[in-house]
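In what follows, structures are represented as structure tokens.
Shared between the two complexes below is subunit A, which pairs with subunit B and subunit C, respectively.
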Partner chain A sequence: MAKGVLVIGGGPAGLGAARILGRLGIPTILVEKEDRLGGNPVLNHYHTLIPRKLKPEQVIGPYIKEVESNPNVQVKLKTELSACEGEPGSYKVTLSNGETHEVGAIVVATGFEHFDPRRKGELGYGLYPDVITNLELEQMFSKEGRLYRPSNGQLPKRVAFVFCVGSRDRQLGVTNVHCCRYGCALSGLQAMEIRQHYPDVDVFCYYMDVRTYGTWEYPFYWAPQEQYGVRYVRGRIAEITYSPADGRLRVKHEDTIVQRPSEVPMDLVVLVLGMEPSAGTKKVAKILGLAQDPDSKFLVPSEESGSNIISNKPGIFIAGACKGPIDIESSLSEGEAAGAEAAAFVGAKVTV
Partner chain B sequence: MDGHIYGYNLPISEKTKMVPWEEKVRIVEEVKSDFRFKEYIFGCLNCGVCTASCPSNRFFDYSPREIVQRFLEEDVEVLYDMMHEYIWACSQCFTCWIRCPFVNNPGGLVAIMREVAVRNAFEATKDLLKPYGRVLLKVMTTGNQLSADMLQPDFFPDWGPKMADNMENLRAKRLAIPFDVGKSVKTAWEVSLETAIEMYTIWRETGIFEMLEKLDPNLYNVIMDIVEENEERYQELYEEEE
Partner chain C sequence: MAIHERSLVEPERIVRKERLVIDGVDVSGDWNLIILPRVINDYDLDFAKEIINSPDGKTINQCYQCSYCTASCPVHNYWDERYNPRHFIYLARLGMIDELQKRADVMWRCVSCHKCTHRCPKGVLVEEVLKVILRTMAKKGLIDEYPSKKFDKFFTESVLEYGRIEDGELLFGWIEKQGYNVVKDPILKKPIPFLGETPEWLKQLVMKPIKSMNVSFLVLNAKHMLFHPRTKNWNKFKQVLRKVMQEEGALT
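Right after this comes the complex of A and B.
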């Protein structure tokens, strides 16, 4: 039985796994294909994280710091898994930098990708500069610290959030029928941030249904409406057009509660993006022979186990958004659970 | 047993109220038993993308979302009533279908409802077909929807005053068309006798003639005269060749 553990992916789940493995004294290799750790929240400059409204550096920063400084963890940046042979307890892995290692267990934390909204042509992303993604809005907040219309740099008067772009949509085929889980809550948060800093800006959320599940109900559904005056309209946006007459966008929808078709002028439209398995997730699934959902291609846990992080391969554990949409704090926890399982699997005697 | 009625924004007509409940059930069941039905309706979240995308919704009291909802609610009374007027506002563009995130096809449901309405000779279908008698005559006998000689100024007043000029020397203008099948005046293009006979066979085998007989007996007689004449001509030619 090899003693080491390979962690694939340096995002929240991978960092969670690597940190606990390091703390338990297990020799750990953490590979990350990008040139720095942190995953989507850090690399894509998220502004404020749901549900605790902390900054990525507050949530993920301590993990990065500890993983980078723990002598038990070797961080290999710009590195991917390229091949794997052997058996559970003694996997011989080849990395993209040519190195080979023998490890007892593997934690897969290869994460997700944001949906590319160009695939929904009727929403006009890429065509109209004032149609942006919720990721771009995060970056507008985090990098520039102000809200503006990309077309003219001015403050918008009316902002619309379009829910479920690339989620719950059979028109995209079978791959995007799942719910993104974070979109409703993050939109509530972003809408509140806009209303807090710019009380004169009207903010509208267009939804099919609002899924601020569990304890997120009050802070991300009622608070935006009751405390910040964000307006929720039930009706999925059918198309977005542009009117040269007033230089504003038009969002077209049916208000399905009062049964009224409307075309509303907007200055800024924010598309709430769905989640898809990352290219790395699909690649690693092939290399390691991991079970995937036939439609979405997300990894699926073992059918025999009730645990969410046990894969169909003994000694391989799966954590975070490679298994489907998940929030950041759950990703960190799943990584930690997977790391602990991996430590138990390699039979390490933990020294305190 | 009477059906429950949700139609607060869609009053049920007095006529529908008079129809026996069993008959309304029979009609709606005929729609639901169509082989396409289960491929046209799944679940519905009431997101309204279909209705927001619907060109007819802009001008008429017609909402594709309502069609789907009425079927999911199995609202027999309203569905039966819709088949007399409501569904005929649909332009069959199927934008609802290509936009619905759950791939429901309200336009397809309307197509089935219309076919059932025609098969059952609803008064509404007779009224709706009346202005199209001349077009129907042309289509069913020649396979052509419009012909050059139908473009009369009084026939399509909305086409504007220029139409009268276009009709002058029609025969010469048609002869100038540089391909043979386009020289015809009585049809948009020449249709061979063999093609016409094949088309009549399709009408006969698929029950289109029967359907027409119920809807408009006069038109049916006029069309059948032409059909039978052509069939006799074909028979003679066929025998000559033998």
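Right after this comes the complex of A and C.
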């Protein structure tokens, strides 16, 4: 009988890994520090996922269901990894609930966390109620099903999206110089949703450049403009102020195409948040001795292997957003790949 | 004092004072120069919507500001670089009317070569969109009509009245509209060529062909000038045509 595998993290990547390990008949322990599975999309109530515009329960639901019902997978909620000893092939892991297990391999899928926009004081988040994050806009859609200004509950006439809050920003230090990869596309999607349901609301996206890479170009950059009339204005918002005279916000920026300073009134401003490695990712990297990017602190794969899911420690595999910004569906498939690699590492013989 | 990025600041925004005293403090010298703010305070979205909602302006939303059109444009490249189709599209989409008006003197200069439209990677009908922008601006009184439009109207009026044009009347009638003092015959009130003021270029343009014409052709021309030729049974058609054009808003 092959040794078991420990999967750390119950988000998309962890679920992908646990599902494939369970299917291959490997005894698997899935630890998740929160009280339910699903990771950020489920815990934070995402509304619609890019790129296929599906709901979180449509994408992640089948994975949760299978992982919870597969007898090979033991799910341990509200549990974290606290220590790890031993060598490749027989790691002795200690969990926060006091249990110890011997496993043959470990899949790390500890994910990311959203940037805290309070660190960009000039954007007025926390100061003005009508400055919200794109995460809060998602929750507004998914929980309340309507668009409103938090200050007075009214429908806004104008909505502005502020790109790259906490991304590509050296002012925050070397930790936030990377691109969040999802922000441009998600903003396009949210802007389309607003225009679809409220055609009288004008939506503006303030961008420096738009990075809806690959096949996302048409559905998340062209469609918002061509089909929904979303306006893209070039210039990074440098400051958000509030005018008591009319109760509206002002977005201060230079329109870099017109080369003029601008202070345009807006009713609702949505900050597009960057991604940072989660506290769990940093902690696990320390416990397991995994290589991290010196700037962003995301995990980095081993240079020798060529594969991007094999870590610098033999028998430890890394998948999903703990390695850097990634979309949910790629995260699921990375998890599945890491699960299969872990199964091969512990010597599972699979017969069909 | 030097002004940073001087080309961006319109002369009327620059205020210089010989002596300047603010709150009792004499700040004459280096500090006597003031640049009035250039801040954009709002977008005129009603203007933008009128363009986007017009049938030939719809493709304006497809533009992603790559400037393929401007780089191809002969007017931009060989005449005046302030003629910039890409920029006009951006300004119109956000309703920045004051910026468009700044370029009013060059905006009519499209030569309709359609390179922009043929080359646009996003399928924007650039030439049509620019015409919509100009049309909308002219309709709202934000820009003067292009001078050639006056000739077009005169030409249309002549065709509507007689079913055809008459060269002499078109030329000298047009000269009269331009403000030249044209002498007319007392009975039919038709302009008599070359008796009144005539621009030098017109004399040169017309005298050469006249010299090479035979007499009967000259007589025919003179007759046409006095008695305007008409298309047969034009009167009935004229009434229908006028009615239709009025309904379509083509007669302004």
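We adopt the following convention: the second predicted complex is superposed on the first by the 348 of 352 C-alpha atoms of A that agree within 3 Å, B and C clash if a C-alpha of one lies under 4 Å from a C-alpha of the other, contacts with A are read in each partner's own complex, and residues count from 1 in each chain.
Methods note: contacts are C-beta pairs under 8 Å (C-beta built on N, C-alpha and C of every residue); 3 or more make two chains touch, one makes a residue touch a chain.
The structure displayed is predicted, hence computed values, not measured ones.
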{"item": "Overlay on subunit A: subunit C relative to subunit B, clash or fit", "value": "clash"}
{"item": "Touching partner for A:D169 - first (subunit B), second (subunit C), both, neither", "value": "first"}
{"item": "Partner chain in contact with A:D255 - subunit B first, subunit C second, else both or neither", "value": "both"}
{"item": "Subunit B versus subunit C as contact partner of A:K283, first or second or both or neither", "value": "neither"}
{"item": "Partner chain(s) touched by A:E239 [first = subunit B, second = subunit C, both, neither]", "value": "first"}
{"item": "Contacts of A:E122 with subunit B and subunit C, given as first, second, both or neither", "value": "first"}
{"item": "Which of subunit B and subunit C A:W222 touches, first, second, both or neither", "value": "second"}
{"item": "Contacts of A:R231 with subunit B and subunit C, given as first, second, both or neither", "value": "second"}
{"item": "Touching partner for A:D202 - first (subunit B), second (subunit C), both, neither", "value": "second"}
{"item": "Subunit B/subunit C common contact set on subunit A", "value": "234, 255, 259, 261-262"}
{"item": "List of subunit A residues in touch with subunit C within their complex", "value": "202, 221-222, 225-226, 229, 231-234, 255, 257-265"}
{"item": "Interfacial residue positions of subunit A with respect to subunit B in the complex", "value": "122, 164, 168-171, 208-209, 234-239, 252-256, 259, 261-262"}
{"item": "Of all residues in subunit B, those that touch subunit A in their complex", "value": "9, 45-49, 51-53, 57-58, 63, 65, 98-103"}
{"item": "Contacting residues of subunit C [partner subunit A, same complex]", "value": "5, 8, 37-43, 45, 52, 61-62, 64-65, 87, 90-91, 93-94, 96, 99, 122"}
